[in-house]
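Each of the two complexes below includes subunit A, the first together with subunit B, the second together with subunit C.
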Partner chain A sequence: MSFMKVMNRILIGLFAVFIGGISILHPLTKDIYFSESENRVLAQMPKFTWKQLASGNFTKEFESYVSDQFIKKGFWTGTKSVVEKAVGKRENNGVYFGKDGYLFERFEKPGEQLNSNVDYMNRFSGKIKGANTFLMLVPTSIEMYPEKLPRFAYTESEKYWMDVIQQLLNPSTTWLNAYNPLWEAKDEPIYFRTDHHWTTHGAFIAYQNAANAMGFQAFMKEDFTIETVSKNFFGTYDAKANDFTVKADKIEMYVPKFDVSYRVEFNDDTQVMDSLYAHDFLQKRDQYSFFLNGNHGKVVINSSVKNGRKLLVVKDSYAHALVPFLANHYEEIHMIDLRYYHEKLDNYIEKETISDVLFLYNIATFSEDPNLIWLNQ
Partner chain B sequence: MVFSSLTFLFFFLPLALLLYYSCPKRMKNIVLLAVSLFFYAWGEPIYIFLMIFSAGIDYVHGLIIHKNRMSRPSLANIALLSSMVVNIAILSFFKYADFLVENVNLLFGTAIMPLDLPLPIGISFYTFQTMSYSIDIYRGKVEPQKNPLTLALYVTLFPQLIAGPIVRYETIAKELSNRRFQLDQFAEGVRFFIVGLGKKVLIANSIGGLWFTIQGQELSDLSMLTVWLGIIAFSFQIYFDFSGYSDMAIGLGKMFGFNFPVNFNYPYISKSVTEFWRRWHITLGSWFRDYVYFPLGGSRNGTWRTIRNLLIVWGITGLWHGASWNFVLWGLYFGFLIGIEKLGLLKLLEKMHPFFQHAYLLVIILFGWVLFVFDDLHKGVAYIKVMVGATTNKLYDMQALYFLYTHGVLLVIAVIASTPLLKHLKGKIKRAFPASFQRKAVELLSIGCLIILLVVSTAYLVNGSYNPFLYFRF
Partner chain C sequence: MRKISIVLVTVVLMIMVGCTKQSDSGNNETTNASFDSIVNAIKEQMAKDLKEAGIEEEVLVDGNIMNYFHTNLTASEESDPAIPVWLEKMQLQQEDIANGTVIAAMMSVNADEIIVLDAKEESKVDSLKASLEKELQAQEQTWSQYLPDQYEKVKQNVIKTKGKYLIYITYSNPEQIEKVFDDQF
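Showing the complex of A and B:
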């Protein structure tokens, strides 16, 4: 047999083993229902009906089933990410691979939504009487660490747009500056490297700075015992970036040394907790939901502080790390997430005799969240 | 189903090969027909009947034309005409009806409702194949196929079904009725297929991602460098996507014992538009040459007739790529340039340094792709304005540098892979190391590279983010 014949046999053999092997292994491998690493339910084998087939749905669903349940997904994901990095790729799904294990999501130039959101807020604060309104916009990590970005990486300046918002803001609303104190503390771990949130420490710095304007005396770091509750947190940036070189983040909890207790109600008493933290989530992918049990339309915190002060927080998930500190200064805190809560808030403020209203968002959510429209109905 | 999908690679293909090679010889055509119908029905469960209908029509027409060619030419003429009308009518109904409605509405202010029918995938490819079948019988170039199932196999043969090459009946007539398994041919098929898969999944999809990002932004925010990078990225995307598909089709054909014609021959190394179209989508160009341009008289009846013929052929060539004016314009653009080259520009170019010839061609191609990629002519023109610096956009910016920095390696790979450099290199190495063990080492190395290519392509498919099918309008 000639040499080329041998080579051709080898090539055909390897090709057949590769495609044939995977096609045999696939049905032999047990399907997975939920992927922890992707944090989503995976597609299952679709049910066959002639109707589904004729509409083309069956074949579409079958294709997602094959790609979702593909064997050794981790290996393939890893291979792709290694090759992509080798040819120069420095981002995935809009998340940059930064230095020192940081991942950063690009801040995109805001569109019309930003102006509308400021307008909704201004009209709302003009409507409500007898309560003080505050706005705290928090920068995201990309703004704080330009030196850790890949070369030439571009991103819109958050500072610029925060200044624009401050200019447009109704003067009756107090602007709580989170930018400067965070910038000064940037050498400390104020943001997660692998997640789009700030850390407990970052939130603590913003809390201390807001104290004066909001009219209370902030506690000091010495008033808390700091416990590390997780050392294996891989957040949303990690899920988007698929960068295998990043290391896990840790999550800290500030436990008051002073005497205080809380009762937390979710969505009109459907669920009650006596803690601000949900430890169950530390065993899951979505560990940030450890803070205040994740996203809910409405959360009411009753604390053992008896000063008659009632705070309404209209917010995104950045609030979850900060509100535990505020809970030591207010008798009641009502947290509203406009993505899920769509009732009239001005009536709510009157009914619950709210004394202070705090809008708390990170700048990225604030500039694109379409739900602030619910403030004016 | 598309070739660059996990379902095709790990379910359809192994199963199809297994069925095909385990059945007795007389069953092979039936099995391949069944497998091809399944392949098409996977994505187009309803339109499969249209394709079967089309094959049936051509079978009957072919027989009538052949029977009467010599004895009753007028009947043969009518049969040929009828075959053309049916084929073109089917194609027009699905592909161009809404385009017509749109333009009539625009012109006369009417409000006729468009049909909004989804285009049957591959219809432009298989109608052109069946038309060549009828015409070639009429011309006496081929015998009609007596077995309707064999003709149906020709029309539905899955490797070339959805994105070409346009295989004429005469090319594979012998193989349709008689083909043997040949190890070397199968291995060549595997080589073609893996290289094509790599071109599509690794190069076209990745560089296409860059174009996708750039075209998704406001034009006013982009720098001049960015828009050039954008259209260069698109040029590579469409070349590697299209030629990758053709390579996969040729490879699959070989695995089942067919030899399809080459469809792309390094078009970007051309030195003139005329040469480019001899290297780009070769089977389409030669189809229009043999079945439209030559019958019209080609370039034998004086300058004006030639120009008229060029404009007709290139207008239709453009329209073949999609039912939209920008495609017509794109076709005419090339017809015009080929006309000018015929009138003397070609002779002038040949006297110049090759560098200028290449630069001339590449610039023309890049502007051509702008016409091609924007349905909306206003957008195309606005894009060209930024390219030539007729706007206040910045010369370059941080983003452009970032794109260069993160896609530079990929662009270099794409440039190298657009030229026959690697092919020449392999030949050179073989000649430089004549000793048998050295040749063996080179051969083993190339098998290793192919397997790595296959594994990495699979990894890209498993985590596929951007994997478009570009020919849904063809």
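Showing the complex of A and C:
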């Protein structure tokens, strides 16, 4: 037998084992319901009916079932991503591989939704009398580190659109500038490298800067003990980029050295905590939910600060890192997420005798969120 | 020969007319299903599902499911502040619908949303369908971020048309609601 023939046989053998082995192993391995690394529910074996088959649904669902439940899927997709990066690919699933282990998501040029959202806010602040309104829009990490972006990476300027919004904003709403103080602190870890949120430290800087306008005296860094609660946080950018070589982020918690206590109530008292942090989430993929227990329609925080001040925060998840600092200055904070909570807010403000209203979003959510329309009720 | 073919053609034409008539009356039957009975059947199914999920209190009270908003899209805009919001959100013209209802989760982090529309005329069905697709886009935007189990519901969304009726289903088991809807015809 010639050498070529032997080689061919080996190759054919390997090929057969690979193809055959995977199809044999597939039924033997247990299907997975939820992928922690992708943070999503995986497709399950579809139910067979003749009707489903005729409509083409069955084959479609079967295909996503096979690709979702593929053996060692993470290994194959991870390998693909690493190989692609090695040959010069700069992005995966819309996330750029930046320098120094940073992952970035592009900020898309805003459409009509941005104008509508400013309009909803303006109409709303015109409607509520007797409460101060504030708007804080936070840039995302890509805006802060253009020098860490891969060459020729494209992203729309967030600063430009923030200026546009500030111009359009009803002057009765106070603009809280988060951009400048964050820019000045950009050499510090103000954003997670692997997640789309800001860090506790980033939020702390914005909080200190907002204090004056909101009418309280901010605490200093020395007033807190800073504890590192996680060193193995891989966030949403990581889930998209799927890059083995990216290092984990750490999460910090600012524990007040002064005396203060809280009672936190979720969705009309269905769940109550005496802490602003949910440590359980540090064992899961979605570690950012450590802050204020993740996403809820409505959260009410009562603090031991008895000054009678009541704040309503209309927000996205960026607020979760910042609101713990505000909780030391307000007796009550009501946090509303318009994505999940659709009550008439001007009535709510009156009923709960709210004195300050803070709108807090990152610029990307604010320009795309289709739910600010609920302010219009 | 010619006579025979004339007879044949006539017979064929009569059969065709007969058939068209029949399918016409079939269509009429479709529009005879009442809007209220569709919505009530859906509510009953939802109540049953909630019961099975372990909720002990009475779920369906005075025709409304507890902890869900029920918005009657054809009521006056003043009667319920959610009405103009839904209309604007979906770019829906109130005069295009004879009836319309939205059932949506109230404040828990839950993507459940069922919309039933009854077009005033058949010609409006396409634009109503476009409204429902707009709403689906909004739900995609809202839920794609980081609530995987809820996003799963949105991904399995069903939009369906039957005669002048349209249904939009974001729900844990949309097939069940779809079946309830189908069974009404």
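Operating definition for what follows: the second predicted complex is superposed on the first by the 366 of 377 C-alpha atoms of A that agree within 3 Å, B and C clash if a C-alpha of one lies under 4 Å from a C-alpha of the other, contacts with A are read in each partner's own complex, and residues count from 1 in each chain.
The definition used in the following text is that contacts are C-beta pairs under 8 Å (C-beta built on N, C-alpha and C of every residue); 3 or more make two chains touch, one makes a residue touch a chain.
Because the structure is predicted, anything quoted here is derived from the model rather than measured.
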item	value
Room on subunit A for both subunit B and subunit C (clash or fit)	fit
Three-chain overlay, vertex subunit A: subunit B-subunit C angle, C-alpha, nearest 10 degrees	60
Contacts of A:41 with subunit B and subunit C, given as first, second, both or neither	second
Touched subunit A residues, subunit B compared with subunit C	B
First (subunit B), second (subunit C), both or neither touched by A:131	neither
Partner chain(s) touched by A:169 [first = subunit B, second = subunit C, both, neither]	neither
Which superposed partner A:4 touches (first subunit B, second subunit C, both, neither)	first
Subunit B versus subunit C as contact partner of A:77, first or second or both or neither	first
Which superposed partner A:340 touches (first subunit B, second subunit C, both, neither)	second
Partner chain(s) touched by A:154 [first = subunit B, second = subunit C, both, neither]	first
Where subunit B and subunit C come nearest after superposition, their Cα distance in Å	11
Contact residues of subunit A, present in both the subunit B and the subunit C interface	none
Subunit C residues touching subunit A - in the complex, by the definition given at the top	69, 81-82, 84-85, 88-89, 104-110, 137-138, 141-142, 145-149, 151-152
Contacting residues of subunit A [partner subunit C, same complex]	34, 39-41, 236, 267-268, 286, 295-298, 317, 339-344, 368-371, 373-374, 376-377
For the subunit A and subunit B complex, residues of the former touching the latter	3-5, 7-12, 14-16, 18-20, 22-23, 26, 53-56, 59, 62-63, 66-67, 70, 73, 75-77, 79-80, 83-84, 87-91, 93, 109, 150-154, 242
Partner subunit A, residues of subunit B touching it in the complex	1, 5-7, 9-11, 13-15, 17-18, 42-46, 183-184, 186-187, 190-191, 194, 206, 221, 397-399, 401-402, 404-410, 413, 436, 439-440, 443-444, 447, 450-451, 454-456, 458-465
